[in-house]
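Letters are used for the chains, namely A, B, C, D, E and F, taken in the order the chains are written, and counting of residues starts over at 1 for each.
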Amino acid sequence: MPFAYRPMRSLIFVDCVREEYRHRLLHWLYAMHVPDSISKFGPYVQKYAFYNALPVPPEGERFGTRRMQMTEHYWLLNEMTPEMHVNAFTERMPVEVLRWQGMIPDDGTDLSKAANMDGDTHRASGGGEMPPFVFAHVPINWEEDLKGAGRTLDDGPNYRWQFVVQWPEPEAGERWFRETLAPYFQARPEVNRFLSSKIYQDVVGCKFHRLVELWFDGPEEWYAAAVEGTKTLDKPAWAQQERFPFLKSNFNIVGMFLPDMAASDNLTQYRGYITMR
Amino acid sequence: MPFAYRPMRSLIFVDCVREEYRHRLLHWLYAMHVPDSISKFGPYVQKYAFYNALPVPPEGERFGTRRMQMTEHYWLLNEMTPEMHVNAFTERMPVEVLRWQGMIPDDGTDLSKAANMDGDTHRASGGGEMPPFVFAHVPINWEEDLKGAGRTLDDGPNYRWQFVVQWPEPEAGERWFRETLAPYFQARPEVNRFLSSKIYQDVVGCKFHRLVELWFDGPEEWYAAAVEGTKTLDKPAWAQQERFPFLKSNFNIVGMFLPDMAASDNLTQYRGYITMR
Amino acid sequence: MPFAYRPMRSLIFVDCVREEYRHRLLHWLYAMHVPDSISKFGPYVQKYAFYNALPVPPEGERFGTRRMQMTEHYWLLNEMTPEMHVNAFTERMPVEVLRWQGMIPDDGTDLSKAANMDGDTHRASGGGEMPPFVFAHVPINWEEDLKGAGRTLDDGPNYRWQFVVQWPEPEAGERWFRETLAPYFQARPEVNRFLSSKIYQDVVGCKFHRLVELWFDGPEEWYAAAVEGTKTLDKPAWAQQERFPFLKSNFNIVGMFLPDMAASDNLTQYRGYITMR
Amino acid sequence: MPFAYRPMRSLIFVDCVREEYRHRLLHWLYAMHVPDSISKFGPYVQKYAFYNALPVPPEGERFGTRRMQMTEHYWLLNEMTPEMHVNAFTERMPVEVLRWQGMIPDDGTDLSKAANMDGDTHRASGGGEMPPFVFAHVPINWEEDLKGAGRTLDDGPNYRWQFVVQWPEPEAGERWFRETLAPYFQARPEVNRFLSSKIYQDVVGCKFHRLVELWFDGPEEWYAAAVEGTKTLDKPAWAQQERFPFLKSNFNIVGMFLPDMAASDNLTQYRGYITMR
Amino acid sequence: MPFAYRPMRSLIFVDCVREEYRHRLLHWLYAMHVPDSISKFGPYVQKYAFYNALPVPPEGERFGTRRMQMTEHYWLLNEMTPEMHVNAFTERMPVEVLRWQGMIPDDGTDLSKAANMDGDTHRASGGGEMPPFVFAHVPINWEEDLKGAGRTLDDGPNYRWQFVVQWPEPEAGERWFRETLAPYFQARPEVNRFLSSKIYQDVVGCKFHRLVELWFDGPEEWYAAAVEGTKTLDKPAWAQQERFPFLKSNFNIVGMFLPDMAASDNLTQYRGYITMR
Amino acid sequence: MPFAYRPMRSLIFVDCVREEYRHRLLHWLYAMHVPDSISKFGPYVQKYAFYNALPVPPEGERFGTRRMQMTEHYWLLNEMTPEMHVNAFTERMPVEVLRWQGMIPDDGTDLSKAANMDGDTHRASGGGEMPPFVFAHVPINWEEDLKGAGRTLDDGPNYRWQFVVQWPEPEAGERWFRETLAPYFQARPEVNRFLSSKIYQDVVGCKFHRLVELWFDGPEEWYAAAVEGTKTLDKPAWAQQERFPFLKSNFNIVGMFLPDMAASDNLTQYRGYITMR
C-alpha cells in the first residue's frame, strides 16, 4: 500500500543556556548528531541544514529568543508514522545535551550516568516548568505572503526574525494576528519581507499554532519596529506579558534571529568532524 | 492532505541569439541562476542539469535549432500548484536575459532600468511575434521506444537531436508522426536510437505536443537522414514550410543538438562561480 | 495521473565464486556499473550504496553466505512498473559478470561473444540448477524490532549477519521463525540486535519471504550462537539440511556478513574510476 | 629559477564592531569573498577555513577579543613576492567592509561611492588611531609545546583562546613571556593545552611578535585562569594597562575564542551561496 | 635530494577540426581522459580545468583560433623530469583523437588498428605540415599587467582572447610587441584588460614565445579592436600574412576565445561520466 | 628558511590477524583515524587513500601477505623533521589497534586501560619478536620500469602483487634481484607489468630496501609464476626459507594483493562515518 506523500519542512529552535556549553553543543551536533542523523534519515530527507543564531538583540529576551541554531529538515515522508518506528541504530543523545539546550534544569545534577535518550524522546522534551523543545512542521513552501514579494538576493542581506507562537486562546490569537499584528508590520517601513504559515499540529503534536518570519535590514530596524513601535499596540485580553509580544517568553513565543545562509547544509557539505590544528 | 505524487522531467531549450551575449548568458546562468535555483527548489528537485548545445549543423536553422543549452529538471512535485506559489526569495532575472535568449526583440531598447522578472513570468515569456519560451514537462521515463533499444555507452558517443513539436492540427500531426515520420526514421540506417513522449500540457500550459529524440553518429549522418532523405516525404496538408520538418521554425518546432553528457549536473557539481586567473 | 508513492529499500547479495574474478567484478562494478546506474536511476533513487562482504566464517558456507557485496537502494518509486520501462541507455552487463557472481555455470564456455544483457534480465538471472539472483525489496524501515532497541554507534562496531529466507512451506516456516527461531536468538547473549521485515514479493517477483538481521560482536560470537547453540534446535518437518539453518544453502537461504559502514555510498562519494599509480 | 618552498599558515582575526553589520559581513564573506579567493589562490593554498568566534566572555574586551571569525590559510608559497603580484581579477572589497571590521571609523561617512580596494591594501588596513588588521603568518606546525601534549579529540571539546601579542619592548616582552607568563599558565589546572609560535614578520610586515593558544574546558575556566588568577601577576615595566594582559587591547593584543571545528573549510565544503527559503 | 620546487601553470589549446568529431572528443575527454589524468597526476597537480572555446568570431580563422577547449593545469613539479618518467598506467590516447584535434591529416586513413599513444608523444604531436600541439608552460601568476588592473567580477563578464605567438624573428617580434602592439591595444577603448607572460621554453620544448590575453565586452568589440582597428598597423618585416596578426595562422599564432568560468574544474567537480537519460 | 621540497609517496601494509577484529579495525580506521588524519596532515598531504587487500591466495602466507589494507599517502614535505613535531591534537590510537594489526601479541592481555599512543610511536611499532609495522617512503613516481610499459586501463583489471623486501645481505640481495629475480619475472608470460623503487630509508628509519610490484590477470596466474615457476630458482646463500621468496615471511618480506582502485580516496571521498540503517 502506498505511503501518504506528504513533503514537509520542519524547524527546531535550539537554545544554548550558558556559554560554558556552546562549544560542547557544537561538538555534539557536528561530531555525533550529524552523522547519526544522515545515517538515519538520509533516504527520505531532501535538505538538512543548520542556521546559526545571530546574537540576541536588546530586549530580545522577552521574545523567547534562542541562542544556538535553527535546525531545518525537508521531509519526503512523515517520520512519526508507525511504519517508520523501528530503527537499526538509535541516535546518540546524552541527557546532558538537553541541559545545554535548556530543556531540563541546569542544576548541577550529575547526568553522566543517565542513559542515552532516543531521538523522539529528546525531541519531545521540555514543557511543564521548563521551556518546550520546539519541533514545528510546516508546509514545504510558505502559505502567506504578507509583504515584500519579489525581493531578490541583490536587494541586500537580510536580518530574519523567525518565531513560532502558541496563542493562549487560539481563535482570538489568530484574529489578533490577522487584524492587528499583520497590518501593523505591513505598515512598518523597516519590514522588508513578511511571511507566515500555520503549523501542522498533527505531525509530532506540536502545540504552537503559527510560524512567522519578518525581514529587516538589521537589529536596529528590528528594534524600531518590534520594540519601539509596538508600544502603541493595545494589550490583548489574553496577554501573558505587558508588552508586545504579549506572550510568555520561551513558552508561548520562541524564536531566533537568523541570516540568509546556512551554517551547514549537511547533506551536501558535511565531510566529517575535522579540527583546527 | 497529501500532495499529489507526480515525479516529472522538464526540458527548457535556451537560445542565444547573438554571440555578443553568449558569455553574459553563461555568467548569469552559473553565477546567479544556479544558486538562486538550488536555493529555491533544492528540496524537491532530484536532478538539475545543463547540457550544452552543439553548433547548429548545415540547414539546422530550418528546424528551430536553439544555440545555448538544454536545462533539465526532475521534479518530485508540480511547482505550479497553488501550494508552491509563495517563495521567500524571487530569482534574479533581469529582463535583458530574455533578449539574449530571443524571447523579446534585440532592438537596442534600454532594459537596464526594467524591473526584475519573477521566474514564472520569465518562463512564460515569448510567444506572439516572438518565439516561445519552451518549458516542456514530460514523464520521468520515455514513453515510446521506437528504435535502438539496448544501446549502451560502449556503442559509441551519440549526436542527439532533440526537439518538441506543436502540430498546427494536433490529430493530423499525430497521425502523420505515427504513420509517416516514425516509419521513415525507423527505416533510416543513420538512426541509432529513436524515442518519444507526449508533453504534459497541463503543468505550465505548454502548447507543444510531443518531444522526440533521435540519435546519430554525427551531424553528417543527421544531414543525410533529416535533410537529404526527407526530400522524398510528401508535404502534409498542414505544412508551414515547404520542406521537412514542415513546421514553422522556432515556433512550431524547437530543438537542439546535444551530446550524451551534461555540461553541469548542478546539484552534485556546482561549487560556486570560480573564474580563470 | 499521479504515480503510486512507494518508497522502498532493496538489497542485492552479490557473490564472487572464484578469487580469479574478484578484482574483475570490482572493476565492472565501479568503472562501469556505478556510472551506468547513476545515469539511469539518479532521479528517483535516494541512496545507492555498496557494503563489502566480510570473509565467510567457519561453517558459513552452509548458510548461503555470499562473498562480494550487498548492494542497497532506496527507491522513490517502483522501477518495475510499465511507466518506467523505456530507458535511453541500457546498462552494460556482459554475461560474464553473471558467471563471476555464480548465476551461470563457471564451466569455461566462451562468453566473450555473448550479447550484452539488459539490467532487468540480469537481475532475474539464476534459478533452476543455479542459485537465484537475490533482489529483495523491503519496507524503508525495519518492521520488527526483536532485540536490542536503543543500541547506538557508541556501543561498539557490529558484525551484522543479514540473510533472506525462502521457506519451503511458507506458513510453517513463518510459524517456526516466530515460535522457535526468534525466541532462540532473543535468548542468546551473543545477539546484540535482531531485526526483521517481510519481503515485498510483488515488486520484482522475489520468491524470498523474509529478511533477517542479527548483530554480534564478531564471528566467534556468531559461531557460538548460530552454529554451536543451534545444535539444540529440533529439525523442522520442512528441513532441507540436517542442521540449522535447515534450508538449502544459497537457494533457500542467502546472506552475508557485513560491517556497519558502506564501502561506497555511490550518490555522494563516487568520483569516477581512479586508479593506483 | 625555482621558487622558494615555504609552506606557511596564516591567521586573520576578523572583528564585527556592531551587530547591525554581522549578517552583512557574513554575506560578503560567503557570497563574494570565498569565490573570489578560491578563484585567486586555489592553485597554491592547501587549506582555507573560517572559524566562528565564540561570544566574548566577561572582561574579554580587555584582551583585544574580536567578534567575527578567524580566517586561516595554509600557503604553498609566499603570495607577497613580486612574482605573485599580477592577478587577472582583483577581489571585490568594498571599503564598507573595513568599517564593519573596525579598521576605519564607524562614523556614518557615506562609503557607497568609494572605489573597490585591492586585497593587499585591505589586508594592510587599520593602524594609527584605528586597530590594525591582523594578518599573521606562522610556521605550518606549532613551534612550542608548552603543556598538554598528547591530548586527543576524545579528551573533550576545547574552548580555545588564541591571541597575538606585539610587545612594546620586544626583548623584555619575550623574556616576560618565557619567565613569567608561560610558567604561570603551565601551573594553572584550568589550562589543558598551551602552544605558541613566533610570527614571521617578513612576510607581510606583520608587527606582532608571537601567537599563543591556550585551551580550557570553557569560558568559566578561562576566567578563573586569565582574569582571576592573573591578579597575582606583577605589572611589568612596559605595561600598557593595569591588569593582565598588560597590553593595549585590540592594538598590542588581539585574539579570539574559538571551538575546535571550522565553520567552513572552504576548499572542500563551499558550494555557492545558497539561502534559506 | 630535494626536487626543484617549480610551481607552474600550463595551457593546451585543443582544436576540433570537424563537427563530426566534437561529441566524440567530448566523450574521450570526460569519459576517459579526465579519470586517466587524475589517476596519474592527482598527487602533484593543484588545478586541472577545462574551459570551453567560444565560437570563432568573424575573421577569427586568421588568428589561429581553435575550437574545442583550453586545458589548464597548475603543477607542483615539472612532470618532464627523468624522475617523473615511469608511470604505472599509460593514458588512453587513441591516435584518432589527434585527427579530431587536427594534429594529423583528416584523410580517411583507418586508424582503428593504430597503437595507443603515450601522453607525452601525444602532447608532442603536430608540427611540420600539420599545426603544432600547443602545450605552453608559464609562470603561476601573470608577469605583465598591461592594462586594466583592478578589474573585479562585478565589472561584468569578459570575452577573453587568449593566444600564444611564435615570432619568426624572436628579437624583432618582442620589440614589435612592446613598441607597437602593446601600445596599440592599451590605447583601444574596447580593451578592458591586457596581460602577458613569457612562455617557459625549457619545460616541454614549447617553441612559442609569449602568451597574451586581452579582455573585451564581446566579439563585436574584439572585431573593432583586432580586425578593424589594426588595419592602421604597418606590416612588420617578418610578417607571414598581410594583415594583423601578421603571423601564420594556427602555426605561429594559436589562440582561443574564452569566458571567465571553467566548463569543468576537474579535481573538484568530476564525478564520473554520467549521461542524459 | 625554506623547507626542503621533497614530495614523496608512502605505503603502509596493514594486517588483520583475526577475523574477530576486521570490522573493529574498519570502524577505527574510518570513524576515528581518517578524520584525525585529515585534521592533522590535510595541509601538506596531496593524496591519502586506502586500498583493500584481496584475500590471501594459496601459499600466500609464505610471502608475508597482510590482510587488511594498504594505506597510501603522497606528502608535500617530510613529516618527520623537527619543524613538524608539535601537533595540537594527537591521533586517537588505542593500543588495541596494534593487536588487531599483529604488531603486539594477541594474548588476551587487557589493553583497555593502556594509554593512547601517539601516531609516530604507533607507526614505529612491531619489530623484535613481532612483525614490523611497515611504513615505507618511496619516490613519487616509480623508479624502474621492468616490464609492460604502455599498459592502459583498457588492457583489463589487474591483480597487483605489491611487496617490500629487507635483504639479509643488502648488496647480495640487490644483485640477486637484478640478476636473477627480475629476469625471471620479466620472462614469465603471466607477468603483465613489473615496477620497482628503492625505499627511502632516511625518512622514518624504514629497514626495508625495495618496493616491488607485479601485475597478473589473477591469483591463478600469480600462483603459476610466483609459486610453481619459482621452484626452478636456486636458493641464494642468504635464504631464510627454503623456497621463493627465500625471505622470512612477514619480517623480511611483507606484501599484499591489491586491485587497481582505492577503497577510499579519503581527501576527496570521505563524508563522515555513515552507517547502514
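Odds and ends about this structure:
Note that in this section a contact is a pair of C-beta atoms (placed from the backbone, for glycine too) under 8 Å apart; a residue touches a chain by one contact, two chains touch by 3 or more.
None of these values were measured; they are calculated from a predicted model.
Traced through touching neighbours, the fewest hops from chain A to chain C number 1. Looking at which positions face the partner, chain D and chain F present mostly different ones, since fewer than half of the interface numbers are shared. Comparing the chain pairs A-D and E-F, the larger number of C-beta pairs in contact belongs to A-D.
Superposing chain B on chain F by their CA atoms means rotating through 180 degrees, a value rounded to the nearest 5. Distance between chain C and chain F, defined via averaged C-alpha coordinates, is recorded as 32 Å. Averaged C-alpha coordinates put the centre of chain A at 51 Å from the centre of chain F.
Chain geometry summary: the mean Cα position of chain B and that of chain C are 41 Å apart. Counting partners per residue, chain A has 2, 4-5, 9, 42-43, 76, 87-89, 141-142, 153, 271, 273-277 as the residues that reach two or more other chains.
Taken as a contact graph, with one node per protein chain and an edge wherever two chains touch, the assembly fits none of the named shapes, being neither a line, a ring, a star nor a complete graph. Of all possible chain pairings, those that touch are A-B, A-C, A-D, A-F, B-C, B-D, B-E, C-E, C-F, D-E, D-F, E-F.
Contact residues on chain A toward chain B in their complex (touch as defined above): 2, 4-7, 9, 46-47, 74, 76, 139-145, 149-154, 193, 195, 213.
Of all the residues in chain C, the ones that touch chain F in their complex are 9, 19-24, 26-27, 30-31, 49, 51-52, 54-55, 57, 72, 141-142, 153, 156-160, 217-220, 258-263, 265, 268-269, 271, 273-277.
By the touch criterion stated above, chain F contacts chain D in their complex at residues 2-5, 36, 42-44, 76-77, 83-92, 116, 118. For chain A in complex with chain F, the touching residues are 34-35, 38-40, 42-43, 87-89, 270-277.
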